[in-house]
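Next up, some structures in structure tokens.
Here chain A shows up in two complexes: once beside chain B, once beside chain C.
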Partner chain A sequence: MSGEIPPVVTERVVGRVGAALTARLAWRNLRRNRRRTWITATTVALAVLMLQLQVSTTIGIERQSMDNLIGYQTGHAKVLAAGYFAEREELPLDRALTHVESLRRRVEAVPGVAATAARVVFAAQLSDGRDQVPCTGIGIDVAGGETDVFRIQQAITVGVFLKADEPGLLVGGGLAELFGVQPGGWLTVVAKTRHGAYEALELPVVGLVGTGNPDIDRMSFFVPIGTARRMLLMDGAATEISVRFGRGAREGATLGRVRGALAAETGVEVQGWRDLEQEFLVFAQLERVAHGIFVAIFVLLGVVGVANTVLLAAFERTREIGMLMALGMRGTGIQRVFILEGALLGLVGAGVGSLLALVLMVPYATIGLDLSALYGEVDIGYPVKDRIYGALSAGALGVVWLLTAALSAVASLYPALRASRQRPAEALRHV
Partner chain B sequence: MSEPHRRLPLLRLAWRNAHRSVRRTALTASAVTVAAAALVFGQAYVRGTLGNMVDTYARTESGHVRVRREGFTTRERSLPTHLSVPGAAALARELSGLPGVRAALPRVRAFALVDGAGANRPGLLLGLDLALERDYWRPQAMVASGRLPLAGRAEVLAGEGIARRLGVGVGDSLTLLVQTAHRSLGGLRLVVTGLGRSGMPFLDNAMLIVPLDQAQGMLDLEGGATELLVYGADAGEADALAGAVRRVVENRISGGAEVRSWREQSQLMRLMASAGAAMGVVWALMLLMAGLVVVNTMLMAVMERTREFGTQAALGMRRGDVVRLVVAEGAVIGALGGAVGAAVGSAVALYLGRVGIDFSGFARAIALPFDPIVYPAWSWADALGSVVLGSAAAGLAALVPGWRAARLQPAEALRT
Partner chain C sequence: MTAAARLTDVRKTYRTDHLEVPAVRGVSLEIEAGAFLSIAGPSGSGKTTLLNLLGALDTPTAGTIVIGGRTTDGLSPRALADFRNAHLGFVFQTFNLIPVLTARENVELPLQLQGLADRAERRARVEAILRDVGLEEMMDRRPNELSGGQQQRIAVARALVKQPTLVLADEPTANLDTATAHEIMDLMREMNARQGTTFVFSTHDPLVMDHATRIVRIRDGQVESDERRDPARGH
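Then we have the complex of A and B:
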């Protein structure tokens, strides 16, 4: 013999099944018992329908709430006097910003900042001569950026907006209802000046606002900043400078730049709206968990359905599996077929559920759901007005869809393992 | 010719059939188990949460029935002391004698301007009969440090929040300025005997608990109170109680009385109480999903037994009997799954019902009368109900495979 070993050209791994074949097998298996497939898919679809609607509602109502808070109350960030934030519930007038205009100019020069506005926020009592109600007064700079930062003007339900330095009151709708006052009526503002003396001022109501935010509608009134400064002896000072970021500006980065621009400034602190509204964010988190638990149970049931079906299929096909093994298919190959079967089942079911959800979500996102019809005049904890709109987010739809399919695949692990752990000879003998 | 009526031992047959393939039975039952466990725990949790809210609301705000002077509630936000219930103490004694009334408590609620250690701020003055309130507002449970004030003494239990802001502690004194029932200025100097923590931040930042007599004196109420809370044996019977109270109070209070049960007082509470009904929809959907899984597994069980059904049909078993048999099997499996699920759900609910679920981390964000620790309230009815419902859902679901089995032709079925 020449002793030459012929070169190995290809090596065919016995029993290795390609991905395409695995997919074809899984798909064919699903089609073999169509009724069962559809029943299982229906269970998954129901669960996914609930999940999608829940996700849509949560995203929608949170987006609306944040938009409301930013648009009426916090802006994207606030520049405050050092120490104000820690005492913010007291609305301390002695922690006020001086040289307001120069601060505003410096903040407005920061890239990403669209506008700034100075406000004087103060603790006050509103009185009609008979009843006296504690509330929050907000002095707004009508001529100096207020309307570029906040949308109070657009929320006027009756009457007109304040004019710069023309004494007048804009009252939250809930407060106005309490006093039974309309534009043209008069109310007395009682507040403590910066030096702690009480001061009262009678002002005409020029308009009412309805924002959906109970902090404003039930608790607040607006006056021109000049009126507030004179009454409270603030002398050109402000308790805060609210900052609105431009469209598309990255929130965290812009906040960082604003902080950077004022870093050298002692006696000043910058807070993002997420810090200012931490309580709301915690509340939203709680709601998410509370609702999530229920939806999770539905998804669990759907996934149990998938696991069930795949396990049934595994029992049913004992002979067939034995045959495939006898022909050289490996255990892992069998496992893959069954796992893929579960995944496909999840994909189909979740797909159907997502499509159904989409059909419902289009009107939900455009027409919305009238809350007052559902709940009446109840504060549901979210600062939203009258209607909630679901969010139509392709990303969320897709994530929920694929996640369900992935869960279905995970649920099929055990059935797949069962299927692959058979002895070919015994399996073949099985009736 | 008519055959004699034969009675099949349905349940025994069903039990035997369920036994034959233990793993398939387990599979069928698993979906019912999940649904039943969720139902038992979910019901306990919802009941615990709602009970917590209603109970806290009733103890601290609404009573089961609340008597106020007409017009007080519409101006509630200014707590108008001049709109008080005159002779509330005497009226309370009379109402306590009504059948089914556990307690009738006069309370005083008013705004006060509080001065202490150089700072001043608005506070909520609460005049409570500290002895009678032990089982209601439970002031003794709120004492975080120091002790409760004593009746007849100018003492106060201040909320931790307001005390911190005023810069006062136990042993310091406070001056309260109030508007009296005659709309004149009144005031009193009180010694802080303790600091209170209710778990509800909106209260802790404002409350000043003083003995009822001190509040009455300060506000010139002379035996009156701003409200009178009546408690019956059960919050569920508040509406009937309100009727009885109304009959007693009628024409006794000049200016008219406003008698309302807790349900009539708060839209939110009504909404919460109806949340139980909304949960019904959730449970129904869940059982539907469990039913669909049962349909699947039992269809397979039926197909596997085609020959057997053929034999039975050839021996003269009627179609109706076949359906009944399969349905009985479904019901038995459903009951098994339901029992396991109920046991799991009950175990979780009972455990958490003992240790409680702590929501204190979230309490700041909830401006509701709500005790931050929720105890799921497990009930026998839920556990039994979930077994029955699980059994019924699985039985209904088994109709589909049942019909399928009944439609088999004996000859064909035998041939397979």
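Then we have the complex of A and C:
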């Protein structure tokens, strides 16, 4: 009995028993000074609530924007004449696709492709006789896949959609407002033909579109592709074939297959929507970083609160730490208790914040937030219409939650190290 | 009798930037296994420092300390923690129980720190020792629900549950009334007699000293006298 050395135990067993003990001590210590715990947890909760809503908004608005760009402007990919992409700012008509229907058939045969539509996109001036506005004209193949690829028809705010064989104009809402024109009014399209000669054509406005995409609403109009071809002397050609992928089709793989299917064609190139909208993606990335920094400051404040709470707790419990050391708890054991306390504090605070965020996110994702009611008609830089919808992403919620807990644990490292490096005799003397 | 602990010319000097304070000045002492030894002396005589050195809570400036046949010389803080875990039990003046743990959990703590994985065995040992100190009924109470005497009994149980080589008690009765102080001393003496555990306790209370089988008096960090005696009975 006396003088006997207790049985040697393995590190693994010590670790397992120690983990249960650490968890019990950390959890109960948190409940020791409840008011302080709740104040710190509330700070973390508010910061995380903001971060969660920010993440939800960013994901939501980006999804909406991408959906908008794909649904109104780019499709998932475009088949272009070779060299068109490099000169796309000029909207060159001499770089056009000729055997359009055969190309469409080949692309539509690719697994994962749902529909294709030919378009003639051209630089134009729109005039009402007094004002003349430079804009983009888009000839759309109303009967040939346009409505399967794009959702322009659903974006009509006043009037009707174009008919395949009837000359007419569908004008972006912003442009129409500029001219003060409504369906039934007339506007003149002025554009250079494929051979460089100017041509003018007076067309009746049949409808107005509002897509939320400023490139369309403020700068574009639509005409039937036949009208565009006749006016621009395109003779059955198109400047692009837009491609929509089927639901569930893997974007990268399908794009690769389309490229593969047209690999033998020397006169064409295929661009995915991400290449076409690189500018937007860069903008979105910058916005994400800017918003992220702003909210990260709040989260940092919350985490500093955790560090402060753990530091205070470690100071108050100095003698207790000395006693644990006397009983044989190693420095690493002491560290684990405090780090876990910080992590639990973060976990609880971030959990409450995430739960509150979830409660707000459900209506945010379903009903959305009416931006025009908040700010009026302002361009927020994203191609979204009126309402923004938050994203309800369990993954994002979980990542933010756990990341905050992990950050809180990291913030507790210093107080934990400080606590564990005391000499037991000194810690026991602490008053 | 074999030695539970042996101190050879142990010195401890506290140094600040401008000052050197010798707290223990060349103490040599052999503590036989099963002793119930009191370190006595006035405040500032070096009792607590000596107890801290004996308890591997502090390292000597010079000299060697051997406990249970093992020296604490040159051990890292981690190895010292393991050493305390294996060989030493502590009872403090201010009880120093963990307030967030129940009496049972406080006593179980050293066994958990030893890595005793068998929960049933842990529980059995804890309950047995709590029965021995007469607090079986109180085991689910937290320290703030217990009197000072009861808390110190729990502390004694916590020190003894792992069957250490040596139990060190720094003024274990200083915060207790006289009757309770005697109760605690009787309890420790009983455990000493029943389990054979070696006890070293510091005190400057003559009534408490009366319980000791050996009284080592310390003055100015040195052993002044070393008296072996029959403990008083029947108070």
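By definition in this document, the second predicted complex is superposed on the first by the 414 of 431 C-alpha atoms of A that agree within 3 Å, B and C clash if a C-alpha of one lies under 4 Å from a C-alpha of the other, contacts with A are read in each partner's own complex, and residues count from 1 in each chain.
What we mean here is this: a contact is a pair of C-beta atoms (placed from the backbone, for glycine too) under 8 Å apart; a residue touches a chain by one contact, two chains touch by 3 or more.
Please read these numbers as outputs of a predicted model, since none were measured by experiment.
In the superposed model, A:Phe222 makes contact with neither chain B nor chain C.
Touch criterion not met for A:Phe122: it reaches neither chain B nor chain C. In the superposed model, A:Tyr382 lies in contact with neither chain B nor chain C. In the superposition on chain A, contact is made by A:Arg36 with chain B only, not with chain C. Using the contact criterion defined above for the overlaid structures, shared-chain residue A:Ala326 touches chain C, although it does not reach chain B. Residue contacts after overlaying the shared chain place A:Trp273 against neither chain B nor chain C.
In the superposed model, A:Phe298 makes contact with chain B only, not with chain C.
In the superposition on chain A, the residues of chain A contacted by chain B and by chain C do not overlap at all.
The part of chain B that touches chain A in the complex is made up of residues 23-24, 27-28, 30-31, 34-35, 38, 42, 75, 77-78, 80, 111, 121-122, 165, 205, 267-268, 271, 282, 285-286, 288-290, 292-293, 295-297, 299-300, 359, 361-362, 364-366. Residue ranges on chain A touching chain B, taken from their complex, read 35-36, 39-40, 42-43, 46-47, 50, 89-90, 131-134, 178, 279-280, 282-283, 285-286, 294, 297-298, 300-302, 304-305, 308-309, 311-312, 315-316, 375-379, 381. Listing the residues of chain A that touch chain C in their complex gives 1-6, 9-10, 13-14, 16-18, 20-21, 24-25, 28-29, 31-32, 319-320, 322-333, 423-425, 428. On the chain C side of its complex with chain A, the touching residues are 2, 4, 33-34, 52, 55, 57-58, 68-69, 77-78, 81-88, 90, 92, 94, 96, 98-101, 105, 109-110, 112-117, 158, 162-163, 165, 195-198.
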